[in-house]
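Should a chain be cited, it is by its letter among A, B, C and D, assigned in written order, with residues numbered from 1 in that chain.
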Amino acid sequence: MTGADYDTNEIMTVTASRRLRDGAVCFVGIGLPSTAANLARLTHAPDLVLIYESGPIGAKPHVLPLSIGDGELAETADTVVSTPEIFRYWLQSGRIDVGFLGAAQIDRYANINTTVIGDYEHPKVRLPGAGGAPEIAGSAHEVLIMLRQSGRSFVDTVDFITSVGHLDGGNARERLGLPGKGPVGVVTDLCVMTPDPETRELTVTEIHPGVTREQIREATGWPVRFAERVTDTPEPSRHELEVLRDLKRRTDEAHRSDAVGR
Amino acid sequence: MTGADYDTNEIMTVTASRRLRDGAVCFVGIGLPSTAANLARLTHAPDLVLIYESGPIGAKPHVLPLSIGDGELAETADTVVSTPEIFRYWLQSGRIDVGFLGAAQIDRYANINTTVIGDYEHPKVRLPGAGGAPEIAGSAHEVLIMLRQSGRSFVDTVDFITSVGHLDGGNARERLGLPGKGPVGVVTDLCVMTPDPETRELTVTEIHPGVTREQIREATGWPVRFAERVTDTPEPSRHELEVLRDLKRRTDEAHRSDAVGR
Amino acid sequence: MAQITSLREAVKELVADGDTVALEGFTHLIPFAAGHEIIRQELERLTLVRMTPDLIYDQLVGMGCATGLVFSWGGNPGVGSLHRLRDAIERGWPHPLEIEEHSHAALANAYVAGASGLPFAVLRGYSGSDLVKHNPNIRFINCPFTGEELAAVPAVKLDTAVIHAQKADRRGNVLLWGVLGVQKEAALAARRVIVTVEEIVDDLDAWPNACILPSWVVSAVCCVPGGSFPSYAHGYYDRNNPFYQQWDGIARDRDRFRAWVQRHILDTADFDEFRRVLAETSEAEQRG
Amino acid sequence: MAQITSLREAVKELVADGDTVALEGFTHLIPFAAGHEIIRQELERLTLVRMTPDLIYDQLVGMGCATGLVFSWGGNPGVGSLHRLRDAIERGWPHPLEIEEHSHAALANAYVAGASGLPFAVLRGYSGSDLVKHNPNIRFINCPFTGEELAAVPAVKLDTAVIHAQKADRRGNVLLWGVLGVQKEAALAARRVIVTVEEIVDDLDAWPNACILPSWVVSAVCCVPGGSFPSYAHGYYDRNNPFYQQWDGIARDRDRFRAWVQRHILDTADFDEFRRVLAETSEAEQRG
């Protein structure tokens, strides 16, 4: 296959999905992470355990949820517990292998902002806020982040740290006594970044087919570093693309059938 | 009817049951309190809500439970919650009108000992311990206590305060900041004692038919006081006795049917 | 014991200006009908508590019913912003809104503390988050055994909790299932509880350990079929995703929002009429 | 992922001398079969945790498997004393037993803290109780918002939790219902989890929001029908009250207790054989 056979969302989703190992317990955010996690479950990781903050444990949705608490999640889960229990018995207890998050804004140390652009008291743009992310970022053994890359979303320093990444780098997390390892990878529509082992600064380690280093530099709000060994992101397989497209088609059909007022 | 038509357990049980008003929410201990509470539910208080520490809320047992977690309680309850939830959401939250307790040993200020006779480190007799009683005694709006009266069970000072009554009397509970009013009555096979409004010392306010003051003095380990107005305990009605005896008969039959090894 | 009554009566009796109120439901069973009734009765100066404000609080905030909001995620799920909420926070329209902002974990724990009769909740959370700098109700305590530092938040204490459930029986016992969110905790953290339900039945037919609110912790039960539209009621109807998408357009513009609320809520007598008028609106739109 | 294995294997692999272990079940689903297997394998120096020690710990303590006990009510429900437990506490037989004694509310909260990954639990309790004087693990803290004083106890942290449940499926997902006690919390507060079940089925057929332990938090699932005798398994068999009454006589006397354990537990290969021998014993007694 050549790069022409899939779009940038598809390679981003497939690349992220491949980072989820079979049998892992994954606390899933809605949107891109949920799509990639379910792709993984439907391809190489059939025993991936999906937990959503609304309460479903072991969800196996046939179509993608549009909201974090869709009935589809409850119907296909092993069980559904209350939201306090999800955060207390399942996340805080350290049972989550991978916290899988999206972000509005991320900085060079993978700190996440989903709260405000500008000043908190007088925001330029008020974003939705924290949701489950701060404790997912703190307690999950590892955090995987997924978002489209641009100079506006990848900034040198976030206006507001909603959910902690590696703070100002180095061993800042250990000093704070955070239980989890924090972000281990950021998957975008252009590349994969991983924290430098020493400084924890996000560094490009994989570049998607057909993407240039210049494109990545332009889409990053700090002078982005490239690892010594930068690899080419393996292309999505035909099977992965078929499963992903089927999933999206099923999802669109399921939701098209709705009509307002009914 | 005359006193000859019922025994001392029966008048104790009937007298205690009459103190539970219809619609009250009652946290019930096993044994005598459970018998009296179910008698109330089957006579004058059909909407009495019975909660057992094992988790049943709104239990309506057809036969008396022998253990605090009998299946009969779960099957007849409105729902069954976990034991932590019972203590957190239902007792600690201040939703219980009446905490209904038994006791091994009680003192003149209605402090309860169910832990040890003698010294804690080198007990003469090791009793079962606290169970749910300390927090029932603290958090229920009112506490009703039921036990057979003797010089050994009614002592001047308990060897060990397992569950707090009125401590050393007066406004000791208020000083401790306890949310509930504490013991408001102790029903025995001889009489009913209630805490003096000022000193909170247990004082005889009702004497069962045929019982003498001398009997009560002999069965009390401190120089017991009698209220200015001591009334005669009303006799059990034929209906109350019939319901109580049916309940006991049903209970005996249900449990006789068991056989070891099966 | 719960009174079985009309939603109009329940809101009139059990919600007052200045109250602290939570209308809960985590994307599922959101009590929209009750939210509309609060708008119809023009309640004011409410402090609203809710993990996910969703459209229901966009409507209440946009109509000026609230002066305070305690929340942990304020977006239009699967769509984007809550424009009325943003307008209130960014530009103080229709009037300023004081916000207390938490994470889901903290607010969920705060509801548990409220339901448990505790003054505060303890959690392992917030470390490194700037929320700590802006919310004085996030504090830190040390474990009396290990010395470890943990976050603490005050318990949620409500004047009135409002939830929607699938079923109640004629005595007012309430059964809900599926995504449970924090509804039980919200109800048990409140002095007064209003429950709207899809149906009132003779027998709940509940399974073991079902999530039930006994009648004696509920103040009023109101039968409002469809009362959580456009969210969903598991076993009854699905989430109406197109409405969530259309809301983005309605709420973007102050005048269009006001006109929509006037026509669909203020000028309707109850939720049934709201549904009828809404259906007319969408037919008209389909005709173009 | 849970291994489906024999109880002998599970105890051999997952319980070691010196471990902190809880065999939980609040009068319901008490894992007696697993307790017997621990006696058969002659495990030592265990610290046992359990709200209600019941006969299962009377047996373990009487056989000298434990050097520590954390508990909140140690009686024979509906009958009286646990004579082996009393003998250990009052006279140090077969050897001294260190006890940490709590109230039900505190120990239940301590299990919740353990399941929640917190180092301690907060409760409104213990005020005025002498337990505070004898248990250094009962401390008091102040609310960082109101200043109110509240009790604190350390979280229960277990090496191994052992519970009995009604059903598991072939993947090792576990379903229990009825009186739930603290089993879920015990399992989630442990590094290793053994679950004995009445039956292993293809499909759990669980209802909404059922109490389920997913396979991935369970170490071993062992099919032991009747494994909670003489307690009960809701939907399978009732509590055997006569056995609880007879235990009073068996446990009163050291030699009679030892002989009973020898014949019924040490000399039997597994729980099935225990049940057969017990049946013989009671027939013999009936013949007199």
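FYI, a residue touches a chain if its C-beta (ideal position, glycine included) is under 8 Å from a C-beta of that chain, and two chains touch if they have at least 3 such contacts.
All values derive from a computational prediction rather than experimental measurement.
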Contact steps required, at the very least, to link chain A with chain B come to 2
Greatest Cα-centre separation from chain A belongs to chain B
Dist(centroid_CA(chain B), centroid_CA(chain C)) in Å evaluates to 41
Distance in whole angstrom between the CA centres of chain B and chain D is 28
Residues in chain B with touches to at least two other chains are numbered 74, 80-81, 88, 92, 139
Chain C residues touching 2+ other chains are 112, 117-118, 123-124, 148, 178, 180, 184-185, 208-211, 234
Listed in rising order, chain D residues that touch chain C in their complex are 117-120, 122-124, 137, 139-141, 143-146, 148, 150, 152, 154, 177-178, 180, 207-211, 234
Seen from chain A, its contact residues with chain D in the complex are 23, 25, 47, 49, 57-58, 74, 78-81, 88-89, 92-95, 139
Seen from chain A, its contact residues with chain C in the complex are 30-31, 53-56, 66-71, 73-74, 80-84, 86-88, 91-92, 111, 115, 120-121, 123, 125-135, 138-139, 160-164, 167, 172-173, 176-179, 255, 258-262
In the complex, the residues of chain C that touch chain A are 26-28, 51-52, 71-75, 77-78, 81-82, 85-86, 89-90, 101-106, 108-109, 111-112, 123-131, 133-134, 148-149, 178-182, 184-185, 230, 232, 234, 238-244, 246, 275, 278-279, 281-283
Contacts from chain D onto chain A in the complex sit at residues 1, 112, 115-118, 173, 184-185, 188, 206, 208-212, 214, 216-217
